[in-house]
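Shared chain: subunit A. Partners: subunit B in the first complex, subunit C in the second.
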Partner chain A sequence: MKFRWRRRHIGELIVKIIMYFSFACVVGSLALILWTVLYKGLPALTWSMITQTPKGGFYLGKEGGILNAIIGSLFMAVGGTIIALIFSLPLALYLETYINASRFGHWVRLSLDVLWGIPSIVYGAFGFTIMLALGMRASLLGGIVVLALLEFPIMTRAIDEVIRRMPGELEQASLALGSTKLEVATRVVIRQMLPGIVTAILLAFGRGIGDAASVLFVAGYTDRIPTSLMSPAASLPLAVYFQLGTPFPEVQQRAYASALILTIIVLVISFGSRFLSTRLGKYTVK
Partner chain B sequence: MTPHIQVRNLNAWYNGHQALKDINIEIPKQQITVIMGPSGCGKTTLLKTFNRFLELTEGARLAGDVLVDGQNIYERDVDVTEVRKLVGLLAQRPSPLPMSIYDNVVYGMRIHRTKKERRDYKNAVRHYLELAGLWDEVGERLHHPAVTLSVGQQQRLCLARGLAIEPEIILADEPTSALDPISSQHIEHKLLELKSQYTTVIVTHTLRQAKRLADYVIFMYMGEVVESGSSHDVFENPREARTRAYLQGVF
Partner chain C sequence: MNSTAQSASEGHLFRSSQAYRQTQEKNARRALFVIALLPTALIVAVTLALLARAWPILQQYSLWELLTSTTWKPMKGQFGFLPFIAGTFWVTVVGVGLAVPPCIFTALYLSEYASNATRATIKPMLDVLAAIPSVVYGVWGVLAIVPFVGNVIRPALSKWFGFIPLFASNQPTGYGILSGGIVLAVMIAPFIIAVTYEVLRTVPEGWRQASLGLGATRWQTVRHVLFRQTLPGMIASVVFGTSRAFGETMAVLMVVGNVPQLPTSIFDSAYPLPALIANNYGEMMSIKLYDAALLCAALVLLVIVLVFNIASTLVLQRILRRSWA
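For the complex of A and B:
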């Protein structure tokens, strides 16, 4: 019974080492990103950064802030997420409840996966072409619509994967009481899967608010806070991009501060959603 | 005897494998009918044909008629949700819906719009929880999640939830197999209490439970109904050799 090193033990050890290494890589990358953003961004993160729009000479290192980009990003990401949700949730429920394992369902899922894989710049270029054809100019609305397009496949597939884990007995219990399939979907599936659905929505939101390429052409960039759907809108990822591209160290540091703000928004939303899903999960059946 | 459910020339298949063979039976009104037989004999399949649940199973096919109060529930213009309103189901394992105790009981009434006012719902919730023998235990915490109840309580909640849509028939598919002995007893007592108002069909594989509950017995074997009759006749005086063998515990 004494322990001896055998091939199986060595194999296990090697795999364990690989696992620890991967774990360290992931956690290390996250820590490194946070540290870089904090270290470089925190000194430049002033109150005026988040309460003011860029004043003259802002991009040369003078006064102002990036309130325009914060507001623009929030408008676009929230708007895009809402529109994406309006289409995603019904589609995901339809996929699950009506056409689940059918051939059609398979094709719908495949197309969504393909859409998910399309680079965001392509969405941007696509939106831009449409807008040119319609005679529209870069605007908040364009940004919202393109972000909605970008988020839609992510959200739908994420919700779809969540709903697939729905316990079958629950569906049967509600059918046995004489529910229609729609009632099963709206009254039982959504309630049971609400925590997962919230997570899926925020996953899409996070992707939307962090995306620079898709809104590059369609939303434009401006120093003003957008006042209507038709006015152009700035966004945080582009604020980072433009500021980092200047040759002035002060402005580059502000780019990190902007990145920090973006990170904080995403973190707040993530933790908020975690909190919310535990609260909402009170009634779910394990 | 007045039949409540009549089954005529019923055959069912799962992906080509025949699970029910030429079933012709009548189930008496407001009595407890027990369907018994060894595992895989088609008891549950037969039960599922009474509330049109078989069609939810992929690959299942069915031919023949099931009449409830003389109305064929498989006719084309029949609304399946109405069938299931008339024929309630108590499943093998309790499955509370992801909502509060109160909302579980109210669920069916809401979708069928059987009540008008809020107060009516409140009274109905109390009434049906009392009927299922659960009120004393949960009356104080109606708005707690249903999943916080014990499994035995959950099963009684499911009973209350089913009764709340005012069915005429209760189907019960081994309703006590997931429960502890005391909870099982609870459920059995309730079913006995309720039998004067509801036609009850119970699937069970425990012979003793069948003897305790049955007024009328259907014995199935390999997809066929071997024998059916009053519990006295079937238990005391079985006509068929296979029934006798089953009662003696041969299979």
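For the complex of A and C:
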């Protein structure tokens, strides 16, 4: 039969064009962001940026780097991720093995999703009120705790989504052998789902390290590398923000370079987690 | 695998006595139940803590007064949130309005048209887009979007459509609602695409095949079969994106101009609620009632987001769990 153009084919064509166009817009804006950050950041990126702390007059365009912010950010994000992990891994396992399809399970998932949606600035304000109530000053500890709060729902839901794909037979097989649910969770589910769990943890870590609004109130900002949990700590996103806010072009250049460093860290985590999850995948039952 | 060696090494962790294992199980169940209460407790705690800190100002002024007054002069004790609520509203509406059509079409493309290879390359790229920190979006906005809006879109639109108040150009820079909206649109795009995609994938493959087998084009299938089933889910995904947009702080703060006024045009500067909180945390302890006002702003933001979030999550949970057997 010979093909004949009809109205519906024209509709199909128009929609296809719109689709390709919107697809190009979305992918193009991603490319544009990466290109802008690279193009502006790369020329300003020097070795001393990442190996030195700010010297006197750094914010006027003099010597120094942002090592304080890099270290501060890493401390905060690692600390926050560890604390979040302590709560979210058990909770995700509990959701999966104990209360999966129950009313309570749905309720917990709903509240986690709602928590995920709370803006980070609100977490920051909340952390701030708690610290005022406890009489604490802005410190590394405050940053860690607030990032843990921020990461907790993200990590739990991500791990939950992962272990939902757990093959039911494995679970049933170990239950049939007489193991308790706790043993199933800790020895079978974790081992089988390790690749996905690692990916979920790194996802939360990436969110934590990139978040500025939450640590704005609670972590303070300093030019020194934090030495104790109680000392204030700088962070990379805030370093970008503050440097961009100065009127000096040299300092603004550094803001671009700092943004590039932050982007590289996040991208490395993002791709690293993909790589890791395929590597760890060899210990699982197919 | 050498399972004997392994179980021997773990033997001291899990003694095999039946009673011991049963107690362990019982204790674990209790501890885990407590952990499972944490998320709900945290939501309540955040709300109550903010409410407690905002209480002084809520006692002095009525909530209605705060929400509808337009003057923001903390030094004189005048706290009107309306400009900030309006700012949040405008930026969000522009951002979501710009984001939704391309996102729905992109999700449709990925779910219905794209080959498996395209899907496999694009989905991770969207994850990357979602992982980029908001400050980086802000830098991008300052470097690329603000000049573009200021030098290209603003002159062009106000020249041709300047008689419409919405497109009038009242200030000479690109720092304004439109820039904030564009940055926001790009930021929430990965979320909307991902959720819409998930919703579309819940429709059974057989339905598509049936429709295509009857001779419908793909677009006809989408319109008559998919849309009918997934419309609530798509609306929920948009609402989900909207609630993300409300709370976005840094990126918007950097490009939106931060002038507390009631905007009338998309080129006006605005001052969203999160930006208000973030910009003034430094001096808020020195002026009377200022901290209460800012935490009240945080509370208002939280309540708006909670309402949007709970609504969209309830719909999405129902849809993503549904199975058409």
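Here is the rule we use: the second predicted complex is superposed on the first by the 266 of 286 C-alpha atoms of A that agree within 3 Å, B and C clash if a C-alpha of one lies under 4 Å from a C-alpha of the other, contacts with A are read in each partner's own complex, and residues count from 1 in each chain.
As a working rule, contacts are C-beta pairs under 8 Å (C-beta built on N, C-alpha and C of every residue); 3 or more make two chains touch, one makes a residue touch a chain.
Values in this document were obtained by computation on a predicted structure and should not be read as measured data.
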Check your understanding: Thinking of the overlay built on chain A, is A:135 touched by subunit B (first), by subunit C (second), by both, or by neither?
Key -> neither
Point to revise | Contacts of A:284 with subunit B and subunit C, given as first, second, both or neither | key: first
Exercise for review: Considering only the touch criterion stated at the top, classify A:108 as touching first (subunit B), second (subunit C), both, or neither.
Suggested key: second
Exercise for review: Pick one for A:267: touches subunit B only (first), subunit C only (second), both, or neither.
Suggested key: second
Exercise for review: Please indicate which partner A:173 is in contact with in the superposed arrangement: first for subunit B, second for subunit C, both, or neither.
Suggested key: first
Check your understanding: Does the superposition put A:249 against subunit B (first), subunit C (second), both, or neither?
Key -> neither
Exercise for review: Could you say whether A:241 touches subunit B, subunit C, both of them, or neither, answering first, second, both or neither?
Suggested key: second
Practice item. Examine A:183 and indicate which partner it touches, taking first as subunit B and second as subunit C; both and neither are also allowed. Key: both
Review point. Subunit A residues touched by both subunit B and subunit C?
Key: 180, 183
Study note, to complete from the structure: Interface with subunit A, subunit B side, in the complex: residues 51, 53, 56, 58, 81-85, 88-89, 91, 93, 95-100, 107-108, 111-112, 145-147, 158, 161-162, 165
Practice item. Can you check the complex and tell me which residues of subunit A touch subunit C? Key: 8-9, 11-12, 15-16, 18-23, 25-27, 29-30, 32-33, 36-37, 40, 87, 90-91, 93-95, 98-99, 104, 106-115, 117-126, 128-130, 132, 149, 152-153, 156, 180-183, 203, 206-207, 209-213, 216-217, 237-238, 240-241, 244, 255-256, 259, 262-263, 266-267, 269-270, 274
Study note, to complete from the structure: Interface with subunit A, subunit C side, in the complex: residues 14, 21-22, 24-25, 28-29, 31-33, 35-36, 38-40, 42-43, 45-46, 49-50, 52-53, 101-103, 105-106, 108-110, 113, 122, 124-129, 131-140, 142-144, 186, 189, 193, 216-220, 222, 240, 243-244, 246-250, 254, 274, 277-278, 281, 294-295, 298, 301-302, 305-306, 308-310, 313-314, 317
Revision key, fill the gap. Listed in rising order, the residues of subunit A that touch subunit B in the complex are 101, 167, 169-170, 172-180, 183, 187-188, 191-192, 282-286
